[in-house]
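Same chain, two partners: chain A is paired with chain B first, then with chain C.
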Partner chain A sequence: MSLIEVKNVYYAYNENSVAIDDVSFSLEEGTYTTVIGHNGSGKSTLAKMIAGLLEIQKGSITINGLAVNAENIARIRRDLGIVFQNPDNQFIGSTVRDDIAFGLENKLVAVENTERIIEEYAAKVGLSDHLDYEPQNLSGGQKQRVAIAGIMAMKPKIIIFDEATSMLDPKGKKEIKQLMYQLAEEEITVISITHDIEEVMQSDNCIVLNKGKLFMQDKPEKVFADAEKLRKINLDIPFVMQVKEVFRNKKIKLKANDLKGMAEELWRLNSKR
Partner chain B sequence: MNNLVFGKYIPIDSFMHRLDPRAKLIGLFVMIFAIFLPKSWWAFLAIGVLVLLALISAKIGIRMIVQSFKPMIMMMIFLLVINALTVKTGDILFTYGTFALYSDALYNTLFVIVRLLLMISLTTLLTATTKPLDLTLAIEWLLKPLEIVKFPTYEVALMVSIALRFIPTIIEETIRIMNAQKSRGVDFENGNLSSKISSILSLIVPLFSVAFERAYELADAMEARGYVPGAERTRYHILRFHLRDFFYIFICIAALAFSIFTRIYL
Partner chain C sequence: MAIKFKALSYIYNKDMPYAHKALDHIDLEITEGVITAIIGETGSGKSTLVEHLNALLLPSEGSLEILDYELAADKKVRFLKPLRKDVGLVFQFSEYQLFEETILKDVTFGPLNFGYSPEEATQRAKDALALLNIPEELYEKSPLEISGGQKRRVAIAGIIACDPKIIVLDEPTAGLDPKGAKQLIELFIDMNRTLHKTVILVTHDNEMVYNYADETVLLHQGKVVYHGPTLKLFNDKKMTEEYRLLEPQIVTFRNLLIEKGFKLTDEARTLDKLAEEIRKQLK
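Let's look at the complex of A and B:
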């Protein structure tokens, strides 16, 4: 059985705005999944439903065999964390230390261990020297790192990133993405809602939502291989995939899915001729 | 703008900083009585020396205390004028036409001023040496007895600490909205009353809408990290009384005893 199973879920904020309409998919443990789609395509709604922050109106979601509902939610939240978009609105404690402690207090971690855990995870996100900083003295990227540390400290199996890098400057974005890839290597199941096409190319699995419906779900290179289909819903195609398409039209097949590999392939191609 | 919000915390290490916030809060309450009871200068002298010692042990510098007096200067002058015009007892110090300044007017004013200065020094001392969060914990502890009547002390303390944490964020937001509105031609400084009200509205409406949005998102973030209102939680911050805290409270009570003594016998 898959770690996360979403079956025919439906959510409407009111009669005129159906956010999620009959979406089904399943995600395996330890995979890195990106969710893309335009604003208003239902990405955040879907994330909130998985995290149990919005009630599922129709259909069902099971996580680790447990149905997401009011009864199981406390149990499920021990395995699942979510990092939101706005760095300021998820900083609960008055200092970095207190913020990481917040989740541990909820998890009833013994006080003797709290300090050690806080220091361990602050070090993991590179904020060991900032433990007593207040949020107003941290950059957006640092605040997001605190949020990630706070969630990692609770040792979840799944972490959802709801456009966690969209309000950050390029440096902050890079740092957070680095951390996300690192999580994936630690066998944590990552679901990342993103507009960052390069990040999508790095993921194992890509879900495309359009107007609340599941438009595609596949490996990113397969999703982007059908460029025409994506253009129909006005989604960007990564540069590498665009180059591939041009060559495909000239009956030349390229294998690489990243810039470096493509450069390698292209100069070899040139020297063969 | 940050300085206006709360007596500012000075992040250094000192005897006063290390005291348990509960001891400091109890000490403050005791000292309020010690300051307002006596009518003898001896009591004020004794309390004044104690306050000075506390200030020195807190290492926060006289300058900050003097700064905190500044807003009071106008009030003190006003007090003196009122007393000079109304108090007609004691010796006449000097006369000017039909006006006579009596010694009691001067004494009364001085008493009030000394009391106020001592009070301000003590509260500044408290806020400068205690983190807002610790103060919240101390207040929560003092409210504990109310739990008998189902008063949610823990939730209230959490609320207060979140409110304190968001003050700088909201101030930042206010400045940002003001700048945005200024760039659209809203004038916050000039104009008559009605145009001023409408320009303030252009600040308040977006400020509230953003604040509510923040509140929703924060609630989601708290829930996502396993917070259930009213549920059991472990506590990362645990306050512990030390010998020095009892020593501090003892001194405050001694000061109160002395001021009661002077009130009765001097």
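Let's look at the complex of A and C:
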């Protein structure tokens, strides 16, 4: 049995807007899965269904053999954390220390242990020197790292990232992505909703959604092998493929798969004339 | 008319233990009628800089001349409304600002507030919504019922409807899918090319900067360290290394082609134009 099993799930916000339509897949423990799809493809809805934030209208999701439903949700949440897009919307405490403490207090961790746990996880995300900082004095990337520390301190099996890096600058993005890869190495199951092609290429497994339906689930190399197919559903494709496509439209076929190779190929074409 | 920062500094939490100088003696004249990108790491002062443009923040020291207005430290501002009509500021994640019952009402709010008659305001709102490809059947819907991309466009329509002379965009495409992002950016390019609006673009997306911005301002720790043509900045190895600018992939490709012996003009800054120039040389 897989850690997460999604079977024929369906969700509609109203009769005219079906967000998730008959989607099924399973995810193995300790894997890093990216979920891609254009805006409105149902990515966030799906993530919220897995996290039990939206009710499953049809079908079922099981996590570790336990069905995601009202009855089991408290149990499931102990194993699952979610990091949202906007770093400003998820800071609860008045300092970094308080923010990480919040979850621990809810989990009724003994007071004498909280300080040690807070320090351990602040160190993990590289914020040991920032424990007494207030949120307004932190960068977006730092705020997201606090959110991640707070979740890691709860020792979940699964962490869902809902476009957690999309509001960050390149430096912040890089920091958070490194932290996410590190989580995967620590056997935490990561599900990341993203538009970041580089991140997708680093993942074990990629789920492509289109108009609420499962379009593809495969290794990232396989998913990007057919650029035309992805472009049809309005997805970003790697730069190298964009180059190939632009030249193909001008009746110039390029075989190489890297920029250097393509520049050489073009130059050879030029010399022939 | 001008957009001229004169020795402008801005200090957050002034006279407090946490005081922080976000802008440090900025001397900068932004060229009118062109597209200027403002780039720099988080915390370099980009947002603080643009928030001065319509007096959301007032200088702690120095002054800012913008259009016919002047903002200066310790000087009372008497012209907030006309300034804010002339300088449209589209915030990051502007869709969070929608508040009216219907989409049409939301977009009409701005022009109505700036003194257009109700008929005129409604007309302006409808024109702006059409420009942003919001279909008429959505006009009476609640802004909360539409998709994220549509919400963003409705929020932007609200700014466009006020007919600003200067449009300031803070990360306008963050979180949008590639097609939505491209459509939106092309709309602003078009407003610049056909209506000669001054467009100021704050972004982390160097690919977008290279493709579209005529000029670039690079901020570093609250200071302007570069202001000039975008291409010149990204061709300057010393600058890109010193400030750790991510090289746009199109620049990497351009340089590889030039090394081989191809000739590329400064116009070849989008993939389409670049491929077109290469194709011509192959004939």
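By our rule, the second predicted complex is superposed on the first by the 238 of 273 C-alpha atoms of A that agree within 3 Å, B and C clash if a C-alpha of one lies under 4 Å from a C-alpha of the other, contacts with A are read in each partner's own complex, and residues count from 1 in each chain.
Following the convention adopted for this analysis, a residue touches a chain if its C-beta (ideal position, glycine included) is under 8 Å from a C-beta of that chain, and two chains touch if they have at least 3 such contacts.
Note that the coordinates shown come from a computational prediction; the quantities given were computed from them, not determined experimentally.
*Asks:* Going by the contact rule set out at the top, does A:W267 touch chain B (first), chain C (second), both, or neither?
*Replies:* second
*Asks:* Examine A:N106 and indicate which partner it touches, taking first as chain B and second as chain C; both and neither are also allowed.
*Replies:* After superposition on chain A, A:N106 lies in contact with chain B alone.
*Asks:* Can A:L259 be said to touch chain B (first), chain C (second), both, or neither?
*Replies:* Touch status of A:L259: second partner only.
*Asks:* Give one of first, second, both or neither to describe whether A:G42 is in contact with chain B, with chain C, with both, or with none.
*Replies:* neither
*Asks:* Just to be sure I read the superposition right, which of the two partners does A:G212 touch: chain B = first, chain C = second, or both, or neither?
*Replies:* A:G212: touches no partner chain.
*Asks:* Is A:N86 touching the first partner chain B, the second partner chain C, both, or neither of them?
*Replies:* After superposition on chain A, A:N86 lies in contact with both partners, chain B and chain C.
*Asks:* What is the contact status of A:R77 with respect to chain B (first) and chain C (second): first, second, both, or neither?
*Replies:* After superposing on A, A:R77 lies in contact with chain B but is clear of chain C.
*Asks:* If you stack the two complexes on chain A, which partner ends up touching A:D98: first (chain B), second (chain C), both, or neither?
*Replies:* After superposing on A, A:D98 lies in contact with chain B but is clear of chain C.
*Asks:* Can you give me the overlap between the chain B contact set and the chain C contact set on chain A?
*Replies:* Residues 86 of chain A touch both chain B and chain C.
*Asks:* Touching residues of chain A toward chain B in the complex: what are they?
*Replies:* Residue positions touching the partner: 48, 51, 53, 74, 77-78, 80-82, 84, 86, 88-95, 98, 101-111, 114, 132, 134-136, 147, 150-151, 154.
*Asks:* Taking the complex as given, what residues does chain C use to touch chain A?
*Replies:* It is residues 18, 20, 41-43, 92-93, 147-149, 171, 174-180, 204, 246, 249-250, 252-253, 256-257, 259-262, 271-272, 275-276, 278-279, 281-283 of chain C that touch chain A.
*Asks:* For a test of understanding, state which residues of chain B touch chain A in their complex under the given definition.
*Replies:* 11, 131-133, 161-162, 164-165, 168-169, 172, 213-214, 217-218, 220-228, 231-238
*Asks:* Inside the complex, what are the residues of chain A that reach chain C?
*Replies:* It is residues 38-40, 85-86, 137, 139-141, 163, 166-172, 195, 234-236, 239, 242-243, 246-247, 249-250, 252, 259-260, 262-264, 266-267, 269-270, 273 of chain A that touch chain C.
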